[in-house]
Every structure is written in C-alpha cells, then in structure tokens.
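To keep things simple, chains are lettered A, B, C and D as they appear, and every chain counts its residues starting from 1.
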Amino acid sequence: MRAAIIGATGYGGAELVRILHSHPKCEVVSVHSSSQSGIEYKNSYMHTQDRTPFVLESIDAYEIAKKADIVFMATPAGISSKLTPEMVDAGLKVIDLSGDLRIKNLQDYEKWYKKAAAPKSVVEEAVYGLSEWSKESVRTAKVVANPGCYPTATLLGIVPLVNKDLIKLSTLIIDAKSAVSGAGRSPSEVTHFPEMNDNFRIYKVNQHQHIPEIEQMLTSWSEEKTPISFNTHLVPMTRGIMATMYAQLKNAENSESIHDLYNEIYEDSPFVRIRPLGTFPSTKEVYGSNFCDIGLSYDERTNRVIVVSVIDNLMKGAAGQAVQNLNIMMGIEETTGLDFIPVYP
Amino acid sequence: MRAAIIGATGYGGAELVRILHSHPKCEVVSVHSSSQSGIEYKNSYMHTQDRTPFVLESIDAYEIAKKADIVFMATPAGISSKLTPEMVDAGLKVIDLSGDLRIKNLQDYEKWYKKAAAPKSVVEEAVYGLSEWSKESVRTAKVVANPGCYPTATLLGIVPLVNKDLIKLSTLIIDAKSAVSGAGRSPSEVTHFPEMNDNFRIYKVNQHQHIPEIEQMLTSWSEEKTPISFNTHLVPMTRGIMATMYAQLKNAENSESIHDLYNEIYEDSPFVRIRPLGTFPSTKEVYGSNFCDIGLSYDERTNRVIVVSVIDNLMKGAAGQAVQNLNIMMGIEETTGLDFIPVYP
Amino acid sequence: MRAAIIGATGYGGAELVRILHSHPKCEVVSVHSSSQSGIEYKNSYMHTQDRTPFVLESIDAYEIAKKADIVFMATPAGISSKLTPEMVDAGLKVIDLSGDLRIKNLQDYEKWYKKAAAPKSVVEEAVYGLSEWSKESVRTAKVVANPGCYPTATLLGIVPLVNKDLIKLSTLIIDAKSAVSGAGRSPSEVTHFPEMNDNFRIYKVNQHQHIPEIEQMLTSWSEEKTPISFNTHLVPMTRGIMATMYAQLKNAENSESIHDLYNEIYEDSPFVRIRPLGTFPSTKEVYGSNFCDIGLSYDERTNRVIVVSVIDNLMKGAAGQAVQNLNIMMGIEETTGLDFIPVYP
Amino acid sequence: MRAAIIGATGYGGAELVRILHSHPKCEVVSVHSSSQSGIEYKNSYMHTQDRTPFVLESIDAYEIAKKADIVFMATPAGISSKLTPEMVDAGLKVIDLSGDLRIKNLQDYEKWYKKAAAPKSVVEEAVYGLSEWSKESVRTAKVVANPGCYPTATLLGIVPLVNKDLIKLSTLIIDAKSAVSGAGRSPSEVTHFPEMNDNFRIYKVNQHQHIPEIEQMLTSWSEEKTPISFNTHLVPMTRGIMATMYAQLKNAENSESIHDLYNEIYEDSPFVRIRPLGTFPSTKEVYGSNFCDIGLSYDERTNRVIVVSVIDNLMKGAAGQAVQNLNIMMGIEETTGLDFIPVYP
C-alpha cells in the first residue's frame, strides 16, 4: 500500500510519519502541506533528520492519485470537508483524522464546529472507524472517519455497558483529561509553557465539539437517546487522555461480573487491555503505543459504576488508530506496525 | 500570639513556617518533630536558610505550654488523636491540620482511616474550621479541626447550592484532581519523578478518606442524607487542587441566577473569588495564596450545574486556612499575614 | 513613594504588581501598556482578580509625573531607550528592567541587541543596579539600569573571585540554565508546552545579548579585559536560573578559604546566602523569593573552582531586585516588602 | 539469539524488554531479579500487560545457560563484578550495562565507586562497547562493558576533536545535564516529584563516577593525559541527556571545517546525526530512540569550540546501545530492531 499524508506538519501527521516509517506493508510516498510546500520535512521536525527524505508538496488530488492508493487527512476541521470529495473522485481511499466526516447530522456539525459541513454524500459514505466496534464496515470502506481522541477513550470504555443496556444513560457523566498535544502545534497563551506548566485547566465547558460525536455513537448502541455531560481538562503533560466515567446502573451489580463482561467483550481486541480488578490505568502506561487500558469498579454505596479509560491521544486517539484501520482495510493483522510496548517511564 | 508547630518537617508544617515568618501578630516559638529532634530546621529545608533559627525539638505538651499559646498539629493521621488531649490539658489551644478530629462519628473515622479514633470528648470539642462557613464557632474554639484539602475545595464550591436546597444531592459527583504535594513528603514509587512526570493517575477509587468528611459536612447544610461519588486523581504538578462538580438541579435555573447567588453569599469572604460568568479558574491562578476561586455554569441540555473550585492544597487546603482560623480566633482581620497575590506564572 | 509600571502585561510587570501589592512604603498608582490601554488589568492576569483595581493606561510621561514619583520600565528591548529620556524630563525617577541602559558602549549595544541605542547622556546617567555591589551609587541615582537575569546570577557568583584577583579571567566559562518564563509571555513554537515539556534546549549559542553586559561589569572589578564563554539553556520549568561557573585559579587554593571569603563578602547582604561547604543550591530553593543562593567547590585535580549560583529570574533577576533598588533609593531597609521565604515545594 | 535479562525490574532492564519485544533476531527467554523472583513481570511494570508472559526468576548462571546464549546485566554497581565471572564460566556471552567492567584500573574503580572491583581477568576481557568507535572489538567480544550514559554522550561528541588532536585536552569542560530516570527506580527525597518538579539541581560536584571512565577513554585517543572537569545536573524531565562541552583549540579553526570533520567521521554511523551548522539538538528530538544528535560551533572571540551532544539516557545511554552491540556481535545490521523515529512531541 502506498500512502500520502495531508497535513503532515501537524502532530497527527508527524505521528503517522513516525509509525509508517517502520510499517512493513505501507510506504509513505508523499507528504503535503497547504502552506509549506517546497520545504524539507525535517525543517518542521528535526527529530526526523536522516530518516525522512520528504519535501513537503502542495495538495493536488490527481497528482497524488498517480503515486498513492490512500490518503491520510491529518488536517484541522474544515479542510477535509472540502478535500475528501476530490480525493474520492481521484480514486483514492481516505482515512480522515479530522472531525469533518464523523457527524452524520450536518446541522449538528455546523452547530458544534461552527463551519460548513461536508457534502451529504461524502459524510454518508464515511465509516466511523472505531476499530474494535466497526471492524466489518471498516474492512470494506472507501472513506473512514477516524474517531476523535476523546470519543475513542470514552466509547471504548463505556460501550460495553451501553451495549448490554446496563446503565441509565441519562446519568452518564464523562470527566475527561487531556495532555496538551491535543491542542495541536499552534502556540497560544494557554499552551505557553510558563502558563501551562504546574497548572491544571478546564476548558470548553459543556461546549466541546466531541459531545455530538459521543452522543451520536452512543445512540447506535442504545435505544435511549439522551444528552450526556462531557467535560474536558488540560493536564500539564505532553501525551495521554484519561476519561473518568460515572453512571448509575439499572440494577445492582458487582464489580466482578462487570469485569468479566469487559474481559469477554475485548477478548479478541489486541489493543484493549482490561486491568485486574482493584487496579486502574494511568496515562503513562500507554505512552507512545496504540493501547487503550481500562479499569473499572462498582460502588455499592452509590450504585454507580466508575470506568477509567486511558489512551495516547496521538496514537489510539489519532494516528495509531488510523493505521489500525488501514491494516483492517488491507486485510492484514491489525497489529502490523503497531505492536509497540509503551515507552515507560 | 506565640505558636508551636508539631510536625514541622512535613509540607504542611513547612508552609506554616513560611507564612508565619511574615505574620505580624503571631510568632513561631518552637518547631517539633518526633523523629528529628536536635537537628537544625534548615537541614530539612534549605530554602529556609538564614531565615529560621529553629532547632527541631521533641514533643512535650507541658514544655510547649511554657512558651506557646497555641499549637499547630501538622502531623499524619493517628498522631493528633493522641497528642491533642495532652495539649488541651496543658492549657494550649490547638489547630489540627490532620484528619483526626474532623469526623464526629468515631466508627466512620476508624472505618475510613483504619486507625483508632481520638477520644470522644476531644472530637466533640473540636470545631470544624471551614473558615467562611464556621466563623462564629471558630472564634471561640479551643480546638479547631482544620478541613482537609479536598473537602475545602469541594465544600466552598458546592455548599451554596446545598444550603439553598437547589440540587438533588444524590446526583452529586465530585471529580477531584490534586497536585502531588498532597501526598506528603515521603518518597514512594507513585511519586517518583520519572513515574509521575508526564503522567496522570487515578487513586483510592471510591475509598478516599475525605468521603466521610464531605458527606458529614453536607448533611449539616442539607436535610437530605445520601452517599456521594467522590474520586481523586494525581496531576503532574506541585501545588493545586481542582474539584469539578456535577449535580442535577431540583428546578430548571439559569447560569446568571446561580452566579448571582454565589457572588452574594461570598460577598464578604476575602479569599473566595467568583469568576465572571463564562470563565473558569485554573489551579495556577491561586498558586502560593489562600484563595479559593470558583467558576460555574448551568447546562440546559442536561439540567446539570457544573461548579469548578480551585485552591492551593498547602495554603487554603492546609496551612493558609489554619492561619486564617488563627486570625479569626485572635479576633483580628482574617487576611492578616495572608494577603498574598498568587505567584504567577 | 508612588510608582507607575510601564509594560505591566509582561511577566516582569506582573511580578512588580505582585510584590508592590504588599510593600508598605510604595504604592502602585497606575499601570501602563502601549497596546492594551483601556482594558482591565485582571483581564490579562486573572490571578489578580479582586486585588488590583487597575485599568491599563496609555503611556504619557507628563501625565504619569502628575501622580507618580518613579516609573518601572518593564518593557522589551528598544522601548526604554525611547521612553526614559521623556520620563526623566518629566521629573520622574526611572528603574529600567530592560537591557536598554545597561551597556555603556553604544556600539556594543547595537551589535548585540540589533536595535538603536539610547541617547548617550541617558546611558551615562544610568547606574547599573546590582544591589549588593552598587549600593552607594544606587542610593543617589535618578536612573537605574536594573541588571539582566543571567548577569545577576553570574556576577553575584563570580565577582568575589574577580574582585580579589584569584582567577584567570580568560578561563572563565559560564554555563547557564534558565526557566522558560525568561522568554517572556509571547507564545512561540519553542515555548509551546508539548515541545518544551520533558525537553532541554540550548539556545543563542555564543550570541546571547547578556554577554557584553557580563563582560563590561567584569572589567569594572578586574584589570584583565577578556572575552568569556557564556551559554544559555532552557529548562522545562517556570522560574529559576542556575549559572554553573568554571575558572582556573591563579594559585592553588582550598575550598575552605574560598568559602570563608564568600561568607565575609556577603556578610551584610541579606539576600545572598552562601551554602555550607559540600552542599549546593537548587533553583526551587529560591522560588518566588529575592534570594541568590551560592555554593562552591575547589577541585584539586583540575585546579578549577566551580561556583553555582541560583536565583528566581523574575525576582532577584528582575522585579525583586528592582524593588530592592527602590528601597535603597528610598533610604529604607533593603528587605522591605521582599522578605519572603521561598515557596517550597 | 536467545537472551536473558538480569535486573529486569530496573529502568535499563525494562527498556531492554521494550526493545527486544520487537527485535526480529533476538528473543528474551527469561528475566531475573535477585529480590522479586516468582513474581509476574507485569506486576512491576503494568505497561507491559498482555505483552510479556514473564515471571521473574532467580539468578543461576548454569540454569540460564541452558536456555540462553547471552545475558544482559542491567544491575546496579557491585553486582556484575560478582555475577559476570559465573556467567562466562557457564558459557554465556555478557553485555554489562553497569559500570563494573568499564574501568581498567581497578584502584580507580574502587576509589570512585567505593565498591570492590571485579576480578582483573574479567575486566581485561571486557570490551568497552562504544559502538561507533569499537565496532571491530565488539564484533568478537565475549564480554562487553556497555558505556555509561554520560560517557556515551560525551565521547561521541568530543572524540572526533580528540582523535584529530585539535583541542587542548586540559581545557576541556563538560557540563552535563540528565533526566531523572538516570537516577534509577528507587524513590528518594531528591527524586520525589514535588521536590524535583519545576526544579534544577547540580549533584555529585567533581565526584561523579563517570569521570574516570571518560578520562580513561580519552587517553585511548589522545597522547595527552589530563584530568578534565565533568559535572552533572538533574533536569525535571524523564528521559534525555545533554552534554555541553567547551574546549580551546590548538589552532584557530572555523565552524565549517569542524562541521565537515564530524560529518565525515560519522558518515557511516546510522545513529549519529550531525545537525546543520547554526542549529543545535534538544533532548526531546531523540526521545525513545537510539540516536545521538550533535551540534557544534566555533567561537572566534574565545577560540573555543562548543560541542552539544544529546541522547536518550535509557536508549543510546543504556539499553539501546546494548542492543546495538548485540547486533554487532551477531554480525547483523546494527540498526536491527532499533530503527525507531523518536517519539515527538
């Protein structure tokens, strides 16, 4: 498989370059940037010196289609909605890491993203690529909408309970925490080191654009349709997301039975690791890897279950899952090129 | 006022030394340690060199009472329960920064702390010193149980809603995040720099010993008696706590009216700052100071209010509030010696 | 004393606001910004909410002179060179925290700063305010050029040896490390949290604009005039500078005699603390304070002395020393309003 | 090749587990610990869950030799000196990551390490494995003394100048900075998060045990035998070392010619990357990889060259270089299993 990367100067694009460098079945043939074409890639990312021969190229779907079979769109919101139709026309498969093709209800997209939605036909064609739960449809997809970082951590953690109809969905509260690389590479006052170091912030209270994505997907596993509380914080660290989730159970349960359920559901999912009962994952334990680690506990006092899910936001939350989807599309072992042990400490 | 500090080699004790160094009305006359008596204080804390003449002394209530009027107990759980009766007998006032005198129900203390409780009479005499809400009783107290760091952030943030009976208490979820200094000065694998740096952890899931403290105090403002969900995380930073709180309202409200309520309730509280509507505090904005900063928002979609409360865990969460209580006991302006602008950035 | 602060939205200006808030003899009467006049100060710095009534004002020397006695210039390079003459004309005293008035040789200024120099008369009038070594001239100064952060750490550490003619100045190597707040408040890719966190950089190799400042001052204590090696690194922390200095001795010495010399020289300097022999300071031990802590050792194997000097770059390296100079100019105790114990941990 | 890892619960051992997990030609057959035998490996390192089937075993050379061809000693100082003779006797090859076999002069070892030296015969047999400079002798070695982290960064950076006799060795000053993982996994007050975060320390001034290692190796490329100044600092980060090196040149040079020299010398070294002139590496640019990145500049003003060398202390400074040496011993491509692009950001 030959791949092109659009938006290679962002963190998602750089992570694709890193992973695909050692992928045995997929070669990067070109990297693209709308603003920096003609510039050597290593000028953007000195850590790739001597390993990436790339010069950034401008974006022309038909030129790309001459050399590549698939494109990764690692672009900010509002770009893929315009470019993907051209890529598809040119005969390319597309894996879109942005949010542009995830929301099936175009009004919802426009309300939460405050941008014009992609054409209806493209959005309808796009398969939501939460690898563990959408394997069949990803396998044959031409366009994959790669899930957002927060929705990936959230859904992998909570879908087993939703799918089995064990929780009252209206009581679901997701308190999420992200590393700062989730904010992208553009500097700002919020991400300025002296302001973010030794600091902990909450942001976009009740307004994060991943809310409609999570709600849409929950309804695909549940009859109940209800708004949920989802809030996000910035942690002074580079990589990692933790979603701490609380929900009331329909019937009293015990931790063991829920734990068994998770182990069973994810038995054949090589990237989901269920922690032994009584222990919980921390973000560093998945650093640089494609794992999603999950811990859970049932609290008798409150009849609530707590589920804790961690990922590396740039890996399972972006580039890693994109390559996992690529592997599924190629019909090869889904761990190909991704079977790293996390970088610890 | 002449004060002695027991447990001066811990972080709470060191913070008392720092604050009282520039307090105009209270002088530290001695610092004490059970394990390091005879050693110069600066050997424990080189940052105090040339500013603290202290040599650590052993702990003898009657000797202390010869020089001091009041003792601060900045000791781990299980110490004050034994020492406070002696201190009171010797005629000393006590401000206890540990959890030993906070829980009125002795069985609850023993269940959550897994230690023997203090004598019933001492616990009953102790006034819970959440300064903003207990001013009258602190003023005349002989023994003050200084609130825990998490309960301080939580209660200052949520009590206005509880007190006005606006929320369904059974829906209250408190997702709390703390800096690592909250774990004290003893090194451990969890707090080892390479393991904690660039990491985010959850700990003591559903088992934190501050749960009974919060529940006990909530019942003092509410008729409803119900277990609440309270969970705690470690943030890779040195100081600061954020409590993110979610609760369903009994009746639909709007953000403005709730915001007005908070402004009104804390109008005369110099250390509580309500953020302008639409903005939320981050922990660094109270670093090194005695402030508790609060932001809030009402979410129509879910009929939930979210309240965000931040403090410096060593200041308003420990030594700062202890000195604030001292000021109240002395009948002087409660900001005396505490009117720092936070250290930012 | 009534003071105005120019450039109050930068970190140096914010630190002046913080310190002067609790200074008993100097009141801030106005804060100024060329770009944000008319805006409430708390909008720039929420940590000052409820403690600073200020609205940012534009900069007009004659208007300022109606209300203030002295101005602090906390401006980037190239501003004070233009504004200070006006301030002096308007009858104001000036303490300039920028580099504009420090370099007596105007060509050197223009070469290293790549900006037009201030008028010769103003530069000549300006007294270099390294408080411990320039007390007499600061006392009567109208214009003080407040030293740079790196030169302060460097000179306080090495001048005793230079002054006593103990080292070969040509062998002096200063390897300096700074926290990121030294780069100011403007965000950039270098200071973007995900790039700076868990990272250590070297920058401006052999080209830092503090080189001519250090060399100029060394010649004021030494007959030898020689270029020195001075290099700077960025540490992933918010505050603090360490200068590690190496020099060959003219004659063999021992650590004890050098240590005695330092203790003697700084005996009456309340902000310089000499560490006990065998121990060395770390930056956190001066965090938020005006101290300069110094450790040293003589290495027989190489006949080199190593001197380690640490400061808080925003305090002794900027605003703290500026206020110390203010105190000296006012003829009051130089620790007034500055006698903080460092914030530790 | 079948490998055993002794000391697998330390950071060096864990990094070997991580790398060898995806090494195509070397399989880990057992992991050993003197104190934790019988315990599942994932209990020490949850990040390896589901990827390491290992149970820690006790250390018995003859048992190990039944299953393995080579052992990695990732043990603290003082262990390998005792175990390596047994391993060699049992017919095993040894790559020792500790300092025990590096110092040829046994008195020097005992003086700097304050431990009993290994038997003379073993030390003599051990080949110092600085891969780029010792390839021939490593290829046929039975015992490899894997270089220390600081000596690796230092020697790769400075040997080209020493080897070509361009610098006055007596003027060489190495100012080194390390991440905290270099201190190992045992918690201590120095590495306690609240004390190390936002802090910068100097330690072991003039007394670091890597001094004799560096001096010994320099004399293997130089006729000049002279003590050098080498000092070490702790940076608040998890991984990475920077060595900043200063030396006076024998003759005036220019940056270009020195830069050309480095490019030429390291032309065939896949893990050494010379930065373009005018740019310098930072530690994050080699994070998680086996690279050593080098930048340099000649300063006309002082006739000094400055060389800056960065590595990941756990990779090129320990486990990565050990595997590189393994590859060389096996006669396969030296990048096998090591060709990672660094994890950035």
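Assume a residue touches a chain if its C-beta (ideal position, glycine included) is under 8 Å from a C-beta of that chain, and two chains touch if they have at least 3 such contacts.
Here the structure is a predicted model, which means the values were calculated and not measured.
Trainee: Could you tell me which chain lies farthest from chain C when each chain's centre is the average position of its Cα atoms?
Mentor: Checked the centroid distances; the maximum from chain C is A.
Trainee: Nearest whole angstrom, what separates the Cα centre of chain B from the Cα centre of chain C?
Mentor: Measuring from centre to centre gives 36 Å for this pair.
Trainee: Just give me the whole-number Å value for how far the CA centre of chain B lies from that of chain D.
Mentor: About 46 Å separates the centre of chain B from that of chain D.
Trainee: Let me have the rounded angstrom distance from the C-alpha centre of chain A over to the C-alpha centre of chain B, please.
Mentor: 38
Trainee: Would you give the residues of chain C that are in contact with at least 2 other chains, written as numbers and ranges?
Mentor: 11, 179, 181, 194, 197-198, 236-239, 284, 287, 345
Trainee: Graph of touching chains, which shape: line, ring, star, complete, other?
Mentor: Basically all the chains touch each other, so complete.
Trainee: State the interface residues of chain A toward chain D in the complex, per the touch definition above.
Mentor: 11, 14, 17-18, 21-22, 45-52, 181, 197-198, 238-239, 270, 273, 275, 279, 281, 284-289, 293, 339-345
Trainee: What residues of chain D sit close enough to touch chain C in their complex?
Mentor: Counting only chain D, the residues touching chain C are 171, 173, 175, 177, 179, 194-195, 197-203, 205-206, 227-229, 231, 233, 235-240, 242, 244, 246, 280, 282-284, 287, 295, 297, 299, 301-302, 304, 306, 308, 310, 345.
Trainee: Spell out the part of chain D that touches chain B in their complex, as residue ranges.
Mentor: The contact residues of chain D facing chain B are 11, 179-181, 183, 185-189, 191-194, 196-198, 236-238.
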